[in-house]
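Given below, in the form of structure tokens, are the structures.
Look for chain A in each of the two complexes below; its partner is chain B in the first and chain C in the second.
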Partner chain A sequence: MGGTGLGAAVPATAPAPARPRRGTRHWDLLLIVTGAPYGSDMLTTALRLAQAVLRRGGSVRIWACGYTTMVTQTHLGELKPPNLRHPDRPYPSMPTVVRQLLAGFPGQVGWIGCTACSGERGATHHIEEVRLRSPARFAQTIAASTRTIFIGGA
Partner chain B sequence: MTAAAEFLLVESQGPWSGPMAERFLDDGTALARAGQRVSVLLVQDAVTAALPGAAAAVDRLAEAGATVWVDGFSLAQRALPADRVVPAATVVDMDAVAAKVLADGVRVVWH
Partner chain C sequence: MGFTALAVLDRAYRGAVEGQYFDALYGVQEFHALLGRIDLALRGLAVTLAAPEGGYRPALDIGQSTFDTLPDYRGSVQRMAEEGIVVMADEGDLVRLGFDPAKVVPGVQVVDTTELATRWPDYDGVWFL
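Presenting the complex of A and B:
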């Protein structure tokens, strides 16, 4: 094999853990949220936890992964389709909910969209508040947070 | 494990969803019996595990000394009165959960 390509020997030493770049901001909490947003109340729970942490003065980053990347698409508009039981009552769309969260706690919260998960789903038109990030920076993002919680399935 | 750690285990799946929910709760029981400080939050469908007779794993958690929390919002969404949960469980809001998540030395595991 010659030590290169498939079948190459695995180095005896494990790679060093990712470290945040010098000068990188540190966050109190990273929520990695994946899975289908409307399959359960998972995303509601994640957002409730984020809001509660923010109300306590903590900082939160949300990494939207998998199907959760769908919720910040611009074509969802500002409002949900009318509720037939209350047609005159406006209900904010998910992009609006995310916008309100970010605007309500300026500087305390960030929303990251996974580029790979977005691309796989054709979910490539996010609201401008979403910061797109490659999964290659996943470990670095985790390293920049005091604690990380992974919520949801694949 | 030597030094006592503190764990917050968050169960979001109902007891009928399969064996993993019960196993996850039993992981909490094992940690508590090993001397670790354990809190368990039942949220979303998992709040039904706190109803009397619904999940023996909740009883085992309490017997092992773990703290059992039940999310009040999830109960209300399912039209379950807060006073219906087993006496060993405490109904909490997300502010209490956030305080625990932010506390030093607490490890959070979500299922």
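Presenting the complex of A and C:
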């Protein structure tokens, strides 16, 4: 019987929950954001939530998955295209917003870009502040956080 | 008069921080200027864009900065009405969501659901945004 080429067989028993490696940093909150931007206020809500936790001194990691990987692409530049109704007013791009979040709370916040979702969408040119991580490390990342909130659709 | 269209907006709140000015209301204003006449019908949750709301501030704290370029939906609706764009809000949806149809953003016309549908043939096109 030949293989299907679709990957390894599913194990008969569920794997044990991932444990953080010894010495791995622990975070207060992990926000897994998977839904598409420009479709709802999901991303705005996630950023508000992150900001609130950070203001209280907590630590937050954001795992950008799915189409959320698009918002940290370098080609978006620092500013959005001009508003034709207010052409002189600058509007920050999403990479700028993410940079401001990270710069505002050094050491307290991290932004992860999912490599699989980025590759699937051709979104492979992230700003340098984004740490790329394979979905193979998903469970480990969850285990390294006290709380995990999963926001959005696939 | 050039091309006319009725733009029907059912879904609101599609990304404040990423969209900022670039939302459906911006599109209606630009198409209105380009094509001739685009009227706007707010239905569903989008009727809330015509409901006055005093506490909203189009700003968001991010890091140590405040971004004050978030969308001002109700301000946009009011400006559109002032600039001559016909803006209608579905009366039934306003009531269903607990709003008083008599208290909408100035210039917005509150229209019965069925009456709104009977107006579709008046336009060259009906667009669902």
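In this text, the second predicted complex is superposed on the first by the 140 of 154 C-alpha atoms of A that agree within 3 Å, B and C clash if a C-alpha of one lies under 4 Å from a C-alpha of the other, contacts with A are read in each partner's own complex, and residues count from 1 in each chain.
Just so we're on the same page, a contact is a pair of C-beta atoms (placed from the backbone, for glycine too) under 8 Å apart; a residue touches a chain by one contact, two chains touch by 3 or more.
Quick caveat: nothing in here was measured; it's all calculated off a predicted structure.
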Could you tell me if A:L101 is touching chain B, chain C, both of them or neither one (first, second, both, neither)? second
In the superposed arrangement, which partner chain does A:D41 touch: chain B (first), chain C (second), both, or neither? both
Who does A:I149 touch here: chain B (first), chain C (second), both, or neither? first
Mind working out whether A:R131 is in touch with chain B, chain C, both or neither, as first, second, both or neither? neither
After the superposition on A, what does A:Q51 contact: first (chain B), second (chain C), both or neither? both
Touched chain A residues, chain B compared with chain C: C
Can A:H26 be said to touch chain B (first), chain C (second), both, or neither? neither
Just which bits of chain A does chain B share with chain C as contact spots? 40-42, 48, 51, 55
In the complex, chain C touches chain A at residues 13-22, 26, 29-30, 60-65, 67, 69
Could you list, by residue number, the parts of chain B that touch chain A in their complex? 10, 12, 43-45, 71, 73-74, 77, 93-95, 97-99, 101-102, 106, 108, 110
Considering the complex alone, what residue numbers of chain A touch chain B? 28-29, 40-42, 45, 48-49, 51-53, 55-56, 58, 147, 149-151
Chain A - residues contacting chain C, complex: 37-44, 47-48, 51, 55, 71, 80-81, 83-86, 89-92, 94, 97, 100-105
